[in-house]
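What follows is a single structure, and I will ask about it in a moment.
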Amino acid sequence: MLGEGIVKGMLETAKNFAGSFVSEDRLTTVEYPEQRIPTAENARVFPFLIYDGPDWHAGLRCVACQICEKECPPKCIYIEKSKDKKPDFVGKPQIYPARFDIDISVCMSCQICVEVCPFEAIKMDTEFELATGDRFGGLLLDCRELAKSNEYYHSIHPTEAAEVDARLAEEKKAAEAKAKAAAAAAAQKAAADAAAKAAAPKPGAPAAGGS
Amino acid sequence: MKTVEEIKAAIEAAVPGAGVTVVLNPSPSAQHSLRLEPAHALAVAAFLRDDPELAFDYLSNVTGVDWLDKEIAEKVKVTRQVTKTVDGPEGTKLEQVVDEIVEETRKHVEPGSLEAVYHLYSVALRHGPLVLRMRTVNRTDKVELPSLTPVWRAAELQEREVFDLYGIVFTGHPDLRRILMWDEFKDYPMRKDYVEPDDYEYEPTAHDAVLKRAQEHRSREQGSRD
Amino acid sequence: MSVAETRTERSAGWNRPPAVEPEGEGELLEVAMGPHHPSTHGVFRMDVSLDGERVVRLKPVFGYLHRNHEKIAEGVAYLASMPYTDRLDYFCSLTNNWAYALAVEKLAGQEVPARAEYIRVILAELTRIQNHASTIGFLLQEMGASGTPLMYAFREREKILDLFESLTGSRMMCNYMRFGGCRVDLSSAWIEATKKVVAGLPAFVDEFEALLTGNEILMARCQGVGVLKPDLAVNAGISGPMLRASGVNYDLRKVDHYGIYDRFQFRVPLGDHGDIYDRYMVRVLEMRESIGILNQALQDIPLGPIMDAKAKLRGFRPKPGEAYGRIEAPKGELGFYLISDGGPNPYRYRVRPPSLINLTVLEDMCLGHNVADVVLIFGSVDIVLGEVDR
């Protein structure tokens, strides 16, 4: 019968219309600024730098190795190395970024900087409401604006942050063990040296045994 | 599918004097290719499409490659005759001609070319790919290649694109115009020696190549103001 | 343009479409459809010459979105092009990733672990379903069904995009695959969520079909319009659902045996008329087959590593050589052709864009039809301008 298909289609629409009053599943939109959908845990927007402890400058994990600057596809990271050094999380003195800028008007949220960073220093943020009227200044984030605490990282990506912390703790333990072993070895060597010195024949005394 | 050598033999049997050479591909993909003489390319293409055993009826991909002029420096050993003074008997000096082997660096320029690459498959027999290549004589004035669009319609837009971005002129193409760039555009942007126009825009994080462009732009700006 | 001029132009051409003779002589009406026409899915122009309502000449104009993707890719390392491939066909970033990864893996001779292959299949089939659903939605939008089918398609697409976001971090610019594997592993929670979404999909396709397939208006507008003959389709390099709607059995998942598609049972839907209606039907049936593949893949996905142990992220330099890798993307055959000179950047990087090549026959399909049909025929090709213009 002509028109059968249209009637069938209309029935489908009517079902959906009525259904949207009763079924949550059919109602997929929310009123955005008042109502929000929680962001997915893996969501990524723009990168930020992590610091440990209370002081953002002292705790910055980044050592200004400039790997991310080189690998970033649109080249929107700019780093200047510091002249002096500060201790990093295992206590080794390291240089730090004197300047670290990301131009988020160019950044394309690709996460490659995060993947290549060997120090777990840069991670992706989930903050997306960044609109500003200032094209150059407002979208150019400097080191201070980029630095966010490890606790913040835990609050946005809990699973990933826990993994990173475990990995860092292991590295730190390994580094400490190595340092300890090195110290022990040094002590031993010093002791041995001292012992050898003590046992060594006095200068001037005839060498025993000869050659 | 037949190997490239077998296909080469089949082509040479069907199109006398076709002048096909096999270009080996050292990568693990092992997709070897056949280089065609431009003069016989159309006949070879029609044979490849219509031969029932090959039946390459589907042209998948057409593209250009730019090979720049290469300066090749070779070390060659040459024997030269040199005159030397040697001590003769009783304190006299003698002039003697000796052969000496010296190493010389010779430079010669291998002329570059533009290359068109075609990837063929067979829908009927479900095999492929067969890669065809053609080279122009040089990169400047002798840049004509025969168009394969009369054999495979699939080349129509793709050859236009190669013309647009590389500047290979496909003779026999029914509608050879620029496709992606605008008609008034002069240069060929995909060539390796293409110089980008100075369309500098302020970028706060400039370093490396971007910084170089920025500096060039500024020096140019200053030059024009003076 | 005058009628006489179209005649000379046509007689100079070779295998041009059969001539549509304008009635009478004199001037034709020139209409520039686009670049800001709502039906062009972006910025694309068709210069149409009309004799009354009938199309007698149609010239596509490209390049409004050209950014020379290939040149950019030749200036950066292999890995850095991966996020740029997302922006080609921005509806299907995961299949773009796969095609590029496949070409590089061929070039460098890398192996992909089984689990990563399963992940790739799952993501590619989800991509195909959401792409086909939205394509049909847009097609109906252009037919005048403002909104309803498109909103139904987008409701389903939303669920799939949520899955992409929770796995890859982004809804459309996924940047997920790597040479020799994938970036992050699936959690069992993700697999459960996907199973739930996939379980709901057959009902959605049924609903979609109840809404559309038997609809008399759709049939009247689509059947016998924009016919593409199989021999022309093959000769013009048409691929994807458009080729199969013309009755040519050529699906790269079956032909090339890439990835692990051999392990799954699925059929290749074919049309017999090659008109818009067949293209619609082929897409609906492909969605059903994709659901079948998803069910099998989610069932047997093995445990194991997701990256080739030899693969490295930085300092990747394949040996000199070249490779062409292609996959069956939702829009057709997406290929990447790479030449390596042993350096960190590709010497030549070429994308074979199915959207552009499928437009080769646009004029052939449109000639003799009305202007309103041009919009439909164009919509049934299924293109994305990010890929056409690159």
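Just so it is clear, A, B and C label the chains in written order, and each chain counts residues from 1 on its own.
The working rule: contacts are C-beta pairs under 8 Å (C-beta built on N, C-alpha and C of every residue); 3 or more make two chains touch, one makes a residue touch a chain.
All values reported here derive from a predicted model rather than from experimental measurement.
Undergrad: Give the touching-connected groups of chains that are left after chain C is excluded, with no other chain moved.
TA: one piece
Undergrad: In terms of C-beta pairs in contact, which two chains are most connected?
TA: Ranked by C-beta contact count, first place goes to B-C.
Undergrad: Averaging only over C-alpha atoms, locate the centres of chain A and chain C and give their separation in whole Å.
TA: 36
Undergrad: Taking the mean of the C-alpha atoms as each chain's centre, how many Å separate chain B from chain C?
TA: That pair's centroid distance is 31 Å.
Undergrad: Return the distance between the CA-based centres of chain A and chain B, expressed in whole Å.
TA: So the centre of chain A lies 44 Å away from the centre of chain B.
Undergrad: Give me the residues of chain B that touch two or more other chains.
TA: 209
Undergrad: Could you pull out which chain C residues touch chain A in their complex?
TA: Interface residues on chain C, with respect to chain A: 76-77, 79-84, 148, 152, 155, 158, 162, 165-170, 173, 175, 183-184, 207, 210-219, 313-314.
Undergrad: So in the complex, which bits of chain C are touching chain B?
TA: 12-16, 62-63, 66, 68, 70-71, 75, 106-109, 232, 234-238, 248, 250, 255, 318-326, 333, 335, 337, 339-340, 347-348, 350, 352, 356-357, 359-361, 389-390
Undergrad: Using the touch definition up top, name the residues of chain B that touch chain A in the complex.
TA: Those residues of chain B that touch chain A are 202-210.
Undergrad: For chain B, which residues are in contact with chain C within the complex?
TA: Per the stated touch rule, the residues are 25-29, 31, 57-61, 63, 65, 117, 119, 123, 126, 129, 131, 149-150, 152-158, 161, 165, 174-175, 178-182, 189-190, 194, 209.
Undergrad: Across the complex, what residues on chain A touch chain C?
TA: Interface residues on the chain A side: 2-6, 8-9, 11-13, 16, 26, 28, 40-44, 67, 71-73, 108-112, 115-116, 124.
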